[in-house]
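Two complexes follow with chain A in common, the first pairing it with chain B and the second with chain C.
Up next is the complex of A and B:
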């Protein structure tokens, strides 16, 4: 037997084909169109932004990212005589505010997701899930107004508390007279906005933790918390990171809420309790109304940078999810 | 199925191993169930089960599908109560103490009464070594001689030689049979008095099955084992006692419990005889 088999030539792998049915072809066409259209729309946006922003980007060069001037001078005829555009301060503000938001929102969301899935009685779970889903659908201006009317007046107290215990870090330096319109306030507002997203994603992934492993843990004498640590969190880790990145993306792109609570100041500021900041999206909304055609091009360029930043964050998220996903399963 | 197996041949198999006198070197004094009933919602699935499991013996639970064997062993280690709407009545006495008594710490009960499931379920995020010791971590126990314990448990589960060089590999990288022995090793590491096994070999090949049966015979020196099986040969090979469960449309009942060689050679109940001779079920 074996000698015959050895003499026989090893064939090349066959090409596997199948004759698709008509209905299958139609369905394939529909989903392909759907799938490609989002890609095309995304591409068109990128091209549009690049096209409109290109002139300014070429004019400013790398300074567009590193400087923080935003000025334009026109003569009486409306021609631009001098212009400086740089979004460093807004980029820093975008990153700072959204990081504050995620740092606050992530633990809150993970613990609420765990509570909802494993501790809350059924009736309470139903109510809370409805409330959280509703929060996700709230218009962001409402969060902005809440931040403006409710959070700002009381934030000084919180800021002092933070400063008292973490004041040795430069991030937390306190400047009492301007604290109310600081990136910290914006971060808190953003955090509340993205908590529903991260909670929903986490809840979904936690609820998919394999039941047989959960039972295995309990059968080994695990308490509920020990079971969660051993089974649910390893299973959900990559999904939670994905949810956090989704939240980060939303926080980075948020316009109205940040615009309502923040002082838009063109000055690079990494101190979260100092009332100086802004983000790229709020810059656009601040300037868009009365911008000259040339300034609008600058705003488009800023939009392009924000777009690319979001892409980079999503790519990073994907990378993290992939690398942790393997060990988690 | 064993439709051609005559009762006498199963009895021969059962007679081939020495039936143990209970309570030799085993931990504890055994397990008793008193008047166990179980419900899923309004569905009464188990009625009045009274069984004694002497320390250091192996008892096989047999019976047709859906007669409540799994439900019964899950009432023993209080896993039954995880299912929403599940209820039970009766007492489970471990060393004479009711595991359902008020003020009992359920997690302690589950440490004393270990369980091996039908489908191997190692923790995928842990290595082989971590899996074996996971029970200690989960129940927040500390041991000084981790490596010794690891080797001992894997040895007793019949897996040591196959995995000793790759303890750091993931639990999921083992074959199904190896994974099941890993789960047995994991259950042993917390040193249970009683080990419940719900069809532990039903997903395995004959070779792995034999290894696990050997393991069960060894383990029964030091612990009380209750094994659910659909394989009559297996019941005859590994168990000292056999209990036959049956549901005749209503809740499952325990029809007959006897020494294994007796139940296969001269069953007292006609229904038992029909079942073990393969005439139904």
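Up next is the complex of A and C:
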């Protein structure tokens, strides 16, 4: 038995490395590219819309946001002789409609989220959660047509009642008495669309309320409302605000549902019951059909403004929702 | 020897017959009061009944609790009614939507609807002529094209967010969230400005599908991410401990384990885009004939058909729109039920 032979049988020590293998490198590269797709797409949207809308934005300057003319004249050869583009009326309309929607939807959603979490028996909760989630997936054209043909007559009646009995309040004033197709009607339809969204975000947040504190509150003899006020609401407040902002973002970008119920007029209007309104998204649908190439550029610029607006609102919503998840406990 | 008599169990938290009687009486009383007030005063209509009943019920229960148990209980009763009304107001619209669509759409449904297109018929023609075939085939084409593009990207994004936790995870999570808020019309405008105008110059199903992909990716990515998070870490560790590379662990252990959840994510994505209207109005042209070529020529789709019929305005056209909405709604209901069934099976295992 020679030592040399034994030495020969010992394999060379394995080289330990933390380097990923080739297949893993490929895998990571592919997955990272996929992960970056959202960045790429959002970036491309911003770049292309600003590139197309640049000419109009440069011509109009800041007036694009502050004036509310929308006119274009062309000579016989189809060349643009004069044009004015301004989306102030549409911006005001977008903000007005979506704020009405959130003001209506927020209390309703918070109450129904509380109902689902703390009041409903288990079987009812299961059904309602399924129904509300499904409602969140319903297409906007369904809400639009239903809103126009079924809901609008009653909402106009409510608008008349509001004006008659609460007309002394500044925001229920109505100068020319026209209530059909007002921002209020659009706001109610949008509210119905965003109630499921805010409800499911609030329900999620409320269900994370610490159980030990809930039970402690009950053990101290609290009524259900006292428990909610002392434990659930402080825990979920900012999450609910975040959910409301998500709903606001959805309401701002809504196209078809608003287009069907709203009377689109290029005139800045803050009276919510007056049948004059607008919305950036429905402006695009309205003007797209017969638009000349130059006007399309103006629509692209309007789309860019809408994109940035919803991006900011959604970013804020996300920040708020996320910060509660951590600080809540 | 002493006998111990066990106390019979009681459930003090449950409503006693007396409580139930009291609730029933208060309920009936407020209905009666609302009815009386409506018939005696100038107020009328469904809204008046509803509002008065609610106000009376709230006042009666709160007053009763104030009298019998004090201020805190009265506030509790008051909030009880508010919370109930919140739930009712949330569910009422959906009940109304489903009821209206079924009641009005059923009139426009006939067998020819699924075998004819609108090439030889106008929306204002009698209901027996023309049909939905072009719209159904168009929607199916759009959805399939969008799926081919969005499934890989959506699932890769989810895998990135759960499996490769680099320094970019948080910003990407944020961007996916932001992307889910992109208005559908902006997605349409983007494809219009980036591809349709400079490159193809023609409406086609592919253009529409590109815009739908943008809307679908965040839904698929976020749902898949939730599913992948639920896969226990033990599985990943076991895979690596057996000498698997990360690629094989993810592809052969994690993703198969999450299969039914991923299918749910895809179905929810389809439900998200099936009824999307605005980008299709910009990009697909909404043809009235069955178009077998997805890369060229205008193509119809259910939302576009509904939109066209609704805007035509005559009673026949409106009935057509309702029938289209019924078909679309049934499609979404089926998709949603499928997603639910698959989703619950995943939990049960």
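Things to note:
Heads up, the rule we're going with is that the second predicted complex is superposed on the first by the 273 of 329 C-alpha atoms of A that agree within 3 Å, B and C clash if a C-alpha of one lies under 4 Å from a C-alpha of the other, contacts with A are read in each partner's own complex, and residues count from 1 in each chain.
As a working rule, contacts are C-beta pairs under 8 Å (C-beta built on N, C-alpha and C of every residue); 3 or more make two chains touch, one makes a residue touch a chain.
Keep in mind it's a predicted model, so treat the numbers as computed, not measured.
In the superposition on chain A, A:235 contacts chain B only, with no contact to chain C.
Shared-chain residue A:215: touches chain B; no touch with chain C.
Applying the stated contact rule after C-alpha superposition, one finds that A:31 touches chain C and leaves chain B untouched.
In the superposition on chain A, A:286 contacts neither chain B nor chain C.
When the two structures are aligned on the shared chain, A:226 is found in touch with chain B and with chain C.
Of the two partner chains, chain C is the only one that A:158 touches; chain B does not reach it.
In the superposition on chain A, A:199 makes contact with chain C only, while chain B stays out of contact range. Set against each other, chain B and chain C touch different numbers of residues in chain A, with C touching more.
Look at A:129: by the touch rule set out above, it reaches neither chain B nor chain C.
By the touch criterion defined above, A:99 reaches neither chain B nor chain C. Within chain A, the residues touched by chain B in the first complex and by chain C in the second are 223, 226.
Within the complex, the chain B residues that touch chain A are 77, 79, 82, 107-108, 110-111, 114-115, 117, 119, 121-126, 134-135, 137-140, 183, 186-187, 190. On the side of chain C, the complex with chain A involves touching residues 45, 47, 72-73, 75-76, 78-80, 82-87, 89-91, 93-94, 96-97, 100-101, 152-153, 155-157, 159-161, 163-164, 166, 168, 171-172, 174-187, 189-190, 192-194, 197, 214, 217-218, 221, 245-248, 250, 268, 271-272, 274-278, 281-282, 303, 306-307, 310, 318, 321-322, 325, 328-329, 332-333, 336, 340.
Chain contact summary for the complex, chain A toward chain B: residues 210, 212-213, 215-223, 226-227, 230-231, 234-235, 327-329. The touching residues of chain A, counted against chain C in their complex, run 20-21, 23-24, 26-28, 30-39, 41-42, 44-45, 48-49, 51-52, 107-112, 114-116, 119-120, 128, 130-135, 137-143, 145-146, 149-151, 154, 157-158, 192, 195-196, 199, 223-226, 228, 246, 249-250, 252-256, 260, 281, 284-285, 288, 296, 299-300, 303, 306-307, 310-311, 313-315, 317-318.
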